[in-house]
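What follows are several structures.
Presented sequentially are two complexes of chain A, the first with chain B as partner and the second with chain C.
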Partner chain A sequence: MPYLGSEDVVKELKKALCNPHIQADRLRYRNVIQRVIRMPGVQEYIQQPILNGLRDKASYVRRVAVLGCAKMHNLHGDSEVDGALVNELYSLLRDQDPIVVVNCLRSLEEILKQEGGVVINKPIAHHLLNRMSKLDQWGQAEVLHFLLRYQPRSEEELFDILNLLDSFLKSSSAGVVMGAAKLFLILAKKFPHVQTDVLVRVKGPLLAACSSESRELCFAALCHVRQILHSLPGHFSSQYKKFFCSYSEPHYIKLQKVEVLCELVNDENVQQVLEELRGYCTDVSADFAQAAIFAIGNIARTYTDQCVQILTELLELRQEHITTVVVQTFRDLVWLCPQCTEAVCRALPGCEEHIQDSEGKQALIWLLGVHGERIPNAPYVLEDFVENVKSETFPAVKMELLTALLRLFLSRPAECQDMLGRLLHYCIEEEKDMAVRDRGLFCYRLLLAGVDEAKRILCSPKSDPSLRLLEDQAERPVNSWAADFNTLVPVYGKARWAVISKCQGPERCGPELPNTASFATSGPLIPQEDKERGQDLPDSGALMLVPDCQLTAEYFEKTWLSLQVAHQQVLPWQGAVHPDTFQMALQVVNIQTIAMSRAGAQPWKAYLSAQDDTGCLFLTELLLEPKTSEMQVSVKQSEARTETLNSFMSVLETVIGTIGDLKS
Partner chain B sequence: MISQFFILSSKGDPLIYKDFRGDSGGRDVAELFYRKLTGLPGDESPVVMVTARGGHHDGRHFIHIRHSGLYLVATTWANISPFSLLELLSRVATLLGDYCGSLCEATISRNVALVYELLDEVLDYGYVQTTATEMLRNFIQTEAVVSKPFSLFDLSSVGLFGAETQQSKVAPSSAASRPVLSSRSDQSQKNEVFLDVVERLSVLIASNGSLLKVDVQGEIRLKSFLPSGSEMRIGLTEEFCVGKSELRGYGPGIRVDEVSFHSSVQLDEFESHRILRLQPPQGELTVMRYQLSDDLPSPLPFRLFPSVQWDRGSGRLQVYLKLRCDLPPKSQALNVRLHLPLPRGVVSLSQELSSPEQKAELGEGALHWDLPRVQGGSQLSGLFQMDVPSLPGPPGHGTPTSASPLGLGPASLSFELPRHTCSGLQVRFLRLSCRPCGNTNPHKWVRHLSHSSAYVIRI
Partner chain C sequence: MRTARITPMPRRNLMDFGFPQTTDSKILQEYITQQGNKLETGKSRVPPTVTNAVSWRSEGIKYKKNEVFIDVVESVNLLVNANAACCSARSWAPSSSRCSCRACRSLRLGLNDRVLFELTGRSKSKSVELEDVKFHQCVRLSRFDNDRTISFIPPDGDFELMSYRLNTQVKPLIWIESVIEKFSHSRVEIMVKAKGQFKKQSVANGVEISVPVPSDADSPRFKTSVGSAKYVPEKNVVIWSIKSFPGGKEYLMRAHFGLPSVEKEEVEGRPPIGVKFEIPYFTVSGIQVRYMKIIEKSGYQALPWVRYITQSGDYQLRTS
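Presenting the complex of A and B:
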């Protein structure tokens, strides 16, 4: 492109911009503006033509000029916002041409970035709503996005708006349908039945997108289906066949579909879904086969018997890549559903011949160690591993082997004593890997402490599986993800998105997500709590909770069992608990959540921990009985000091009180 | 908003690069995209990717679609709607196809100037301005460079313009792959309308022959070379009904589950006479989309009856496939291809096929059986014998069993059914009420086609 850089061309363009004839010719005018605008040294010549352009008779010129304002503003960098220009742009929202209107919104959004973007007040919102039908699909999607930040004054107005928006849920463009659905979800955040109704109505368009010819669109739709399923598990259950994989689909779509199938399974379709997944387990692609097996493992948490049956049959295929994943699935399953232990133990013999990789070996060895007393040939299988320990390449397998053999020795000493001695000897004397050696020495010293002591440590009661890990919470309320609907968040997945947005420069993420503030049920909570902490805590002087106290669940459990209850109190509480809100609020005052029941679980429990600057630990149990409207709080303290305990209780009380107030 | 847009060839060469906002570093972004795409771990999806610099995500998102072997990529810093952006990319692909004739590496590199001009009009500062053909045509000056001169009489290979069938044998006809804005002088040639009813069939049949899933995705597509503003009426089968409850007429109706129409379609005669009225812009347009699942009015086009004999002792695998075509006798299926994955380590193949024009071969761990033409009501068979020396299996004695070994199947069929729609939907008429433009009558081409999207039979 010759006009870049050359001095003569710049001069030529300057002349052209001042030429009234050029300005009259809209095509050339547009081209000149578009190209000149990023060049250094001509900016002072642009301003006047752009302002003239805003009042041009041709809508085409106005479109270019409106966006030109934003370009000009961004070029000047941190220049002040020109009030007259902003007013002019606001008045152009009434322009006849629909594209000019949308461009005005975009331009204002960029110019007013520092102040939170374009303001949508009642007249503007209703004006935009009335013009919606004149816009093309891109304009509609964009305006729906801008409308997100409008808060209707009254319920009546809210439902008027929803009525106006109704027709866009039937649009043929997926972007418009999803944009409208999101606006519905956000506006009706206090009306769960409206939200459910909207989700029912977008089901058709979403399913159509899921079987669309465009794979990329299909993928985006599947991600959103998963998002909806997190809140409404039964939502797509009768359409489960739509999520069966076909042979020619790319890998990433198949994986998403398997995940969806996992989540929509219910009593009616479980048979068919499992049969379908079973077919995938023998797929040519090993990755896909393993994903399918893990999926069956997930379903097994609810439909244990059928799934264990299928998994056991898979072992008979004697394929390495299948057996290793099945054994890993068994390991996780035995912990979550102890009732299937018998069946798993029956299936295990013979597996060892078909496992070569580290993960699979670890899982098998763990199972043999923990449930060895029910598997007749467990010692002999472990003996093979001990024999070959010299050629074993993975240190993790050796460590697992040490622990497992020690466990098995405690339940079946006669058969294991000899090889345990050999293994310990090898690990301590010959092993090169430090971690394995240390583990060997540890086991050795543990045995020196006596068999009873070793038993107490290794075979102590395991943690309660009904207390799910925090990241594994099911059934999130619709409002927790409504703001993420129709954005990139579901497409990346929430976990990956958190990583992405954390690593992003702060100057990027601020202005680009202006609508988050308008949403979030827990939004006002954080600043409020911040203030409280700022005022209360330094005054009391006695208690300073350390922000980065990270206890592991195991350590917590151990400490909890070893301490006496220092304080017990009953706080008033109404209705159900939102674990997310709860956790966030506690984090603000530096109380860490160790574990928490799912929302709606009865009785609802939570375990919290905190540490003050002297190193004193506060361990707390919250218990919510369904019948009484009270929350029972029991606190244990690692060092008995009444005054810090009292201030800790007052902090906890404030938090729980605030959350309670928010809900009601 | 979009920061950059670029088109890469299937090998990763940048064909088109456009920076809309000047906020992100140069052309090497296109290269970065391709490097990321090829080095992606298996469990991540390529559709949306984020750039990383020095171990940190700098928050630039790549969103792309693959279209006719090309990558159309947009980058953005904002957390935007994936649906809108993906739709925009598809629309741009369609527009480029409309203006350049067809979308492929060769046409893009021949028409670089035209493509840049189009992008300038479609997007300004990264914001969509318009994608309507009739608005764009006022501003586009460059003429498309077409490789072959167009001849109306070259109708021997009239195929479908949009349908991406598995077989490349159905090449788009030269008539339909003409650019919308071909030279303005030859007005007479422009008076053409193509109306295609295309259905994609996905079927899953269990090993016992029971039907697990039937899904029909249908589209009525229009490509018009008529001057914009001329009205047309499309009459569909009168018995056509939507939803489960509605029933029309006395016969077995032609039923679909869901229908959506393009926003320019006027539906005032749809309820009473099943007539769609519209004023199509020049170029390609999807008039109507519909879906139908589970209840198919006609029998499935193909049934497969496999029988497997497997002698583990000698490692001999014998597969006998009988394929029955249940189309009406006058119809036929073209380019039928059966794909049967085989266990690992298959070494030799001997075959006995029921007619000479068929072909079977081994390739990429699967058996391919090609049947160029299958007449409705006919039945074809093939007997395949293979040696599988390394096949592990359940402990057995060396006797032949009928249990299929691991890695065999499922069979998938791909085919085309010209002049046939699985839902039974037909276009009754296509009437143009156009103002007399030129003295020739417009040519109207109405075509029906079904093709397989996934036709899987478990064994």
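Presenting the complex of A and C:
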């Protein structure tokens, strides 16, 4: 067909599409369609056909037309939302065909994204609930997700809904079961016994997912199991065998299973679990063996005697990667469980020959220093280290050596005096690392102040081990994580997922993720791996904030006082601040915290600094007055550049907004 | 002109704009027509199954002989640690059905389900406790919830009707005792004893026992009391195949490998011994299909056939 003007082309194509001869011939029809698609400016003409499609008799056409509305809206970018179209889609929620209904929900969610997505009111919620059984598994999972937005008005309605959802907990699709479980947990927020009951019923499907052949499903299910164990520690104890690692499983799944095993230990299964972990400690993969040993160390906090015995036996294997981790575990253990000190001290002699890495050496030296009185040959082991201090590469080891030898000197002066002198001489006169030299000088001056003074400082009363580690959180209530169930939050960890999902804007280019090993070892909900550097966040646009820019407090104060406020803004904020989460999230975007008030201080203040790659400094003050729901942000810039200032503000706003969302 | 090309349509019918649409593979197959024939007007239509309430079965299917085949396949998973203490043994069963039946007719299946027996007051009879039961989309769940009846309109062809899990302790059907002696720099001697711990009347078919062997082993020599042994160097295993293994019997295999005088530097893992087998006419659970009723008005007969099979799932025994 010859090229005619645009309107004429459209008419020709429309005629061609309706021509039965062309419709009958597949190839010709396809050619016409391709010409339509390639026609420039075709977007203007698609609205009418799509609207016609919404009212077509064939449900298949309606399905496609509904999704076409969403695509159309996408093509038109930031144009106004067409009210008539939205109303039409809302009314199509009552369509006969179940897939049309679900497509309508998806479409409305896309179109109304700016306003927070599709609104689920009472009639819609009830309509969806009644039609759930006709949907396929994908539809059911989506509808369950949308129903999370609905708040039932009365307790009666709430329990009616829960009764309806009951059968979906037995669905064959893991996605539907988890979606239903999450809805249960959210709806039954005020009824903890209902929540516990649902978690019991979802045990079976979750365990089935943990042994699934699909690795992704398996990993996600294991992360959820760990999540549940934080609230209900005894929940999976009787099914501990399902978490035994099989030889052919990938590394990341084995690590998760080991973590789960040490969390579900109880009196009845501890024997078998320890035996199984013992088997893993001699695994050919050093990483996995070490993870198993750390797990035994975890269990040892409660079942000390058996674990210490196993760890002692492992020392006899005289393998480097095993010995170093066992000694580190012992170090942590004697502090938490002083009753095992005797057993540990008996096991230590002989270890020093098999440890080469920094962590292991530090642990061994610390133990020798603190408990050296009970270990007969402690001074001689330390003497070995002192002899070789010149060739010691790790400064941390040297510092530990100084402290340990000082401690041991106070309890066994005759044996240690000479080598302490030599060590101090080396550290002060010949050592190049300033931190070590400082420590050496400190020890020397302490001794000059007198032995009693030194004893007072070094042998001060120890903290009460029953207080446990700060990390060991008390059992968290289910409501604290119910909203994260059946999402990627248990897999990534809360803070990290918040940053990732905020960055995935319409441009769809997420930040670079570090390798999976760090995910597999994510422990508590606020993971340490957020401290990774070198992440690009596309939000910053023209701005590149440099990591590792540390300013001293004096420098910050001086610069702050010398600059004028470049920008002031007020951001909405609810409730109190959690300084740790804040600091962590800011660090992910390379904004350093100079000072921050502790949680609950009124008024709450924070001072932040950041530097971009041209050397321009951004100093920020955050102020949260009591009884207001807003945070005042003041930014000072060392060089006046509006563009980078705006970029910096948008990054800051994103982070503050994320943290705000996290808490709600 | 004919174009031989797989049409991209099924992909779009599977996912549209990122959302899954139809995933039933049987229905999707109806879209793929490889021949470039001319479509006659009037016949072109979308398969009505896509728009039906019964989305898993097309209308107007006719067969000469109407048959329903039910396979009850139970898989046994076993994990035994190095001390020969059985860590876990459990079985799960996807029980699949094959249906060559005319028209959408309703079928009803009766099992010796313990909950059903208790409901109908037959708790004394031999019954099976099924856990974690999952059904195909076609089964009417409401009826199962009410009175444990399994009623369904079957799709055409093969499909998985239901799957269940048994948590009861299961005796390992094939028990392996092994002694692997490694004399470094010289040789490896393997002795494997396989014992069938199931009833004498049953016979296990296609038994394959794979025993791991160090990767630097050479010159294999085997002696088996039954079956044949083969060294598979790509996988570093010896596969001992026994075509027919009756219950209660015990068989022995000995293998001898040489080791090079230069020992390998890297440490190797210790893979477990794996076993594959299939035992027909046998279920671990004792489940029985008591009846299969076809609700059919026009009075045509369909023949039900039931087959029981127990097969190995993830069956591993660790070596020390």
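One rule holds in what follows: the second predicted complex is superposed on the first by the 446 of 664 C-alpha atoms of A that agree within 3 Å, B and C clash if a C-alpha of one lies under 4 Å from a C-alpha of the other, contacts with A are read in each partner's own complex, and residues count from 1 in each chain.
The rule is simple: a contact is a pair of C-beta atoms (placed from the backbone, for glycine too) under 8 Å apart; a residue touches a chain by one contact, two chains touch by 3 or more.
Source: prediction; values computed, not measured.
Asks: When the two structures are laid over each other on chain A, do chain B and chain C clash or fit?
Replies: Chain B/chain C on chain A - steric clash.
Asks: Taking the superposition as given, does A:97 touch the first partner, chain B, the second, chain C, both, or neither?
Replies: second
Asks: By the touch definition at the top of the document, which applies to A:58: first (chain B), second (chain C), both, or neither?
Replies: So A:58 only meets chain C here.
Asks: Please name the chain, chain B or chain C, that touches the greater number of residues in chain A.
Replies: Result: the larger residue contact count on chain A belongs to B.
Asks: Scan A:573 for contacts with chain B and chain C and give back first, second, both or neither.
Replies: neither
Asks: Just to be sure I read the superposition right, which of the two partners does A:582 touch: chain B = first, chain C = second, or both, or neither?
Replies: neither
Asks: In the overlaid three-chain picture, which partner chain does A:138 touch, first (chain B) or second (chain C), both, or neither?
Replies: Both partners.
Asks: Where does A:220 make contact in the superposed view: on chain B (first), on chain C (second), on both, or on neither?
Replies: First partner only.
Asks: Given the touch rule stated above, what does A:255 touch, chain B (first), chain C (second), both, or neither?
Replies: It touches chain B, and chain C stays clear.
Asks: Identify the partner contact of A:500: answer first if only chain B is touched, second if only chain C is, both if each is, neither if none is.
Replies: In the superposition, A:500 contacts chain B only.
Asks: Contact-wise, after the overlay, does A:287 reach chain B, chain C, both or neither (first, second, both, neither)?
Replies: In the superposition, A:287 touches chain B alone.
Asks: With chain C in view, single out which of the stretches 129-137, 147-155, 165-173 or 399-407 of chain B clashes with it after superposition.
Replies: 129-137
Asks: Please report the chain A residues shared by its interface with chain B and its interface with chain C.
Replies: In chain A, residues 27, 63-64, 67, 70-71, 99, 102-103, 106, 136-138, 170-172, 204-205, 208, 241-242, 244, 246-248, 272, 276, 279, 284 are touched by chain B and also by chain C.
Asks: In the complex of these two chains, what residues of chain B are touching chain A?
Replies: Residue positions touching the partner: 1, 22, 42-48, 50, 56-59, 61, 63-66, 77-90, 120, 124-125, 127-132, 139, 164, 200, 202, 204, 212-213, 215, 217, 258, 260-263, 289, 291, 293-294, 339, 341, 365, 392, 394, 406-407, 410, 412, 453-454, 456, 458.
Asks: Show me the residue ranges of chain C that touch chain A in the complex, using the header's touch definition.
Replies: 1, 3, 16-17, 19-23, 36, 38-41, 44, 46, 50-51, 53, 55, 79, 81-83, 87-88, 131-137, 141-142, 145, 163, 165, 267-272, 314, 316, 318
Asks: For chain A, which residues count as touching chain B in their complex?
Replies: Per the touch definition, chain A meets chain B at residues 27, 34, 38, 63-64, 67, 70-71, 99, 102-103, 106, 136-138, 141-142, 145, 170-179, 204-205, 207-209, 211-217, 219-221, 241-242, 244, 246-249, 251-252, 255-256, 272, 276, 279, 282, 284, 287, 291, 316-319, 486-489, 491-492, 499-501, 503-505, 508-509, 512-513.
Asks: Could you pull out which chain A residues touch chain C in their complex?
Replies: For this pair, the touching residues of chain A are 20, 23-27, 58-60, 63-64, 67, 70-71, 97, 99, 102-103, 106, 133-134, 136-138, 167, 170-172, 204-205, 208, 241-242, 244, 246-248, 272, 275-276, 279, 283-285.
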